[in-house]
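Input: one structure, supplied below.
In order of appearance the chains are A, B, C and D, and numbering begins at 1 in each one.
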Amino acid sequence: MFRISSTALDPAVLHAAQRNVQAGACVTFEGWVRDRNEGQPVRSLEYEAYEPLARAEGERILAEARERFALVGAECIHRVGHLQLGELAVWVGVTAEHRAAAFDACRYIIDEAKARLPIWKKEYYASGATAWINCATRGEHAAPARPPG
Amino acid sequence: MFRISSTALDPAVLHAAQRNVQAGACVTFEGWVRDRNEGQPVRSLEYEAYEPLARAEGERILAEARERFALVGAECIHRVGHLQLGELAVWVGVTAEHRAAAFDACRYIIDEAKARLPIWKKEYYASGATAWINCATRGEHAAPARPPG
Amino acid sequence: MNKTISVQYFAILREQRGLSGETIPTAAATAAALYEELRVRHGFTLPAERVRAAINEEFVAAEAPLREGDRIVFIPPVAGG
Amino acid sequence: MNKTISVQYFAILREQRGLSGETIPTAAATAAALYEELRVRHGFTLPAERVRAAINEEFVAAEAPLREGDRIVFIPPVAGG
């Protein structure tokens, strides 16, 4: 299941829901708010989603993963709102009989989610400046592209 | 750090120890005791380690991962003893600035651990039979090789 | 020939417009034409080619026709990474 | 010419020997020769080519020489998978 949450995510709770004695492998990915991006000190992050479309696209991504890989379960949850350093921004959890499928599916889900979900990120810098990532145009200071992270 | 534990692993505790505001990505792998292997119903598992060598080899694997990938942290813990269905047998947790390194390193560590650590697994089947995995010789019923899982 | 269209804004477009959404009359025939009209009116910095559109909660092509009562969303580039 | 060697057994070897370890006199010159001696004596089912050896907690080659007081471990194939 794909979800969007405006309240803090608890990985222990998300994790416990995955237990299944048919699964031999569980791979989770967590995206955390880190203290810098492209060398600039970051203070906090804001995520904003176009929720109906993000939910539909998120479910499509999970369905694709289930089709391509031999999975027991697959979940993805994305935060929205204003997040502080160290907070959990996105969580992907995959279970499978064997680990190769779990690794491949987890990576597929987060790669597609980052590329396709209509969810935007605004960085608040220590300098007081802010930038919507990937929305920069000529004259804005934030880089328009950044490596995967 | 690499550890061998004879008591149950708590993923929430292991996970909490990974927090680091320099990390943007956290990938964890968990190997669980599942209810069948090669089509045979499994009741429980026993892991036995040659501990001094397993610890040294485990630390070598983590050092290799730190050398090959841009990581913030890398940990691996393997259970020994008699484990019931659903129990956590092995845990790998990796943090990095970016997710590609975290995924690659997590997979490297578990693949190498499975291949290189002097740790043996005995399966207890619903039928009452048992088998040391990969120690089968002519006349024993367990398959000598199995796919990764 | 004017249609009534409801427009939703997100992220940088919401901030530059100062509104999350509005219902407006427009003569624009397509999603792209409406974006261009709004970009000029509100000074949006994102050029049309970097913005996708969704009508009634489905992604559409830039040349998708607008119909009376449509709900349109202009989608800035996502964060990626 | 006999040496005193301490041997540790794990997994299937421990079960087939019925002991975790023992200290024994042997005339075997190498790790491989000692495994062969023990395999015959205790009926180990694993052939020598599937067993590795570690002496004093380091993996060694099959032809590694044995010295008085060495601690040797015969390592069955690991679980893999």
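Everything that follows uses one rule, which is that a residue touches a chain if its C-beta (ideal position, glycine included) is under 8 Å from a C-beta of that chain, and two chains touch if they have at least 3 such contacts.
Keep in mind that what you see is a predicted model, and the values were worked out from it rather than measured.
K.L.:
Cut subunit B out of the contact graph: what components remain?
P.N.:
Apart from subunit B, the chains cluster as A, C | D.
K.L.:
I'd like to verify one number: the distance from the centre of subunit A to the centre of subunit C, where each centre is the average of its C-alpha atoms, in whole angstrom.
P.N.:
26
K.L.:
Roughly how far is subunit B from subunit C, going centre to centre by Cα mean, in whole Å?
P.N.:
Computed from C-alpha means, the inter-chain centre distance equals 50 Å.
K.L.:
Please output the residue numbers of subunit A that touch at least 2 other chains, ranges allowed.
P.N.:
147-149
K.L.:
Touching two or more other chains, which residues of subunit D qualify?
P.N.:
Not one residue in subunit D touches at least two other chains.
K.L.:
Got a list of which chains touch which?
P.N.:
Every pair of chains meeting the touch criterion: A-B, A-C, B-D.
K.L.:
For subunit A, which residues count as touching subunit C in their complex?
P.N.:
48-50, 52-53, 56, 114-122, 132-135, 137, 140, 145-149
K.L.:
Quick one: which bits of subunit C touch subunit A in the complex? Just the residue numbers, please.
P.N.:
Per the stated touch rule, the residues are 8, 10-12, 14-15, 45-47, 50, 54, 57-59, 73, 75-81.
K.L.:
Give the list of subunit A residues in touch with subunit B in this complex.
P.N.:
11-12, 15, 19-36, 85-86, 97-100, 102-103, 106-107, 110, 147-149
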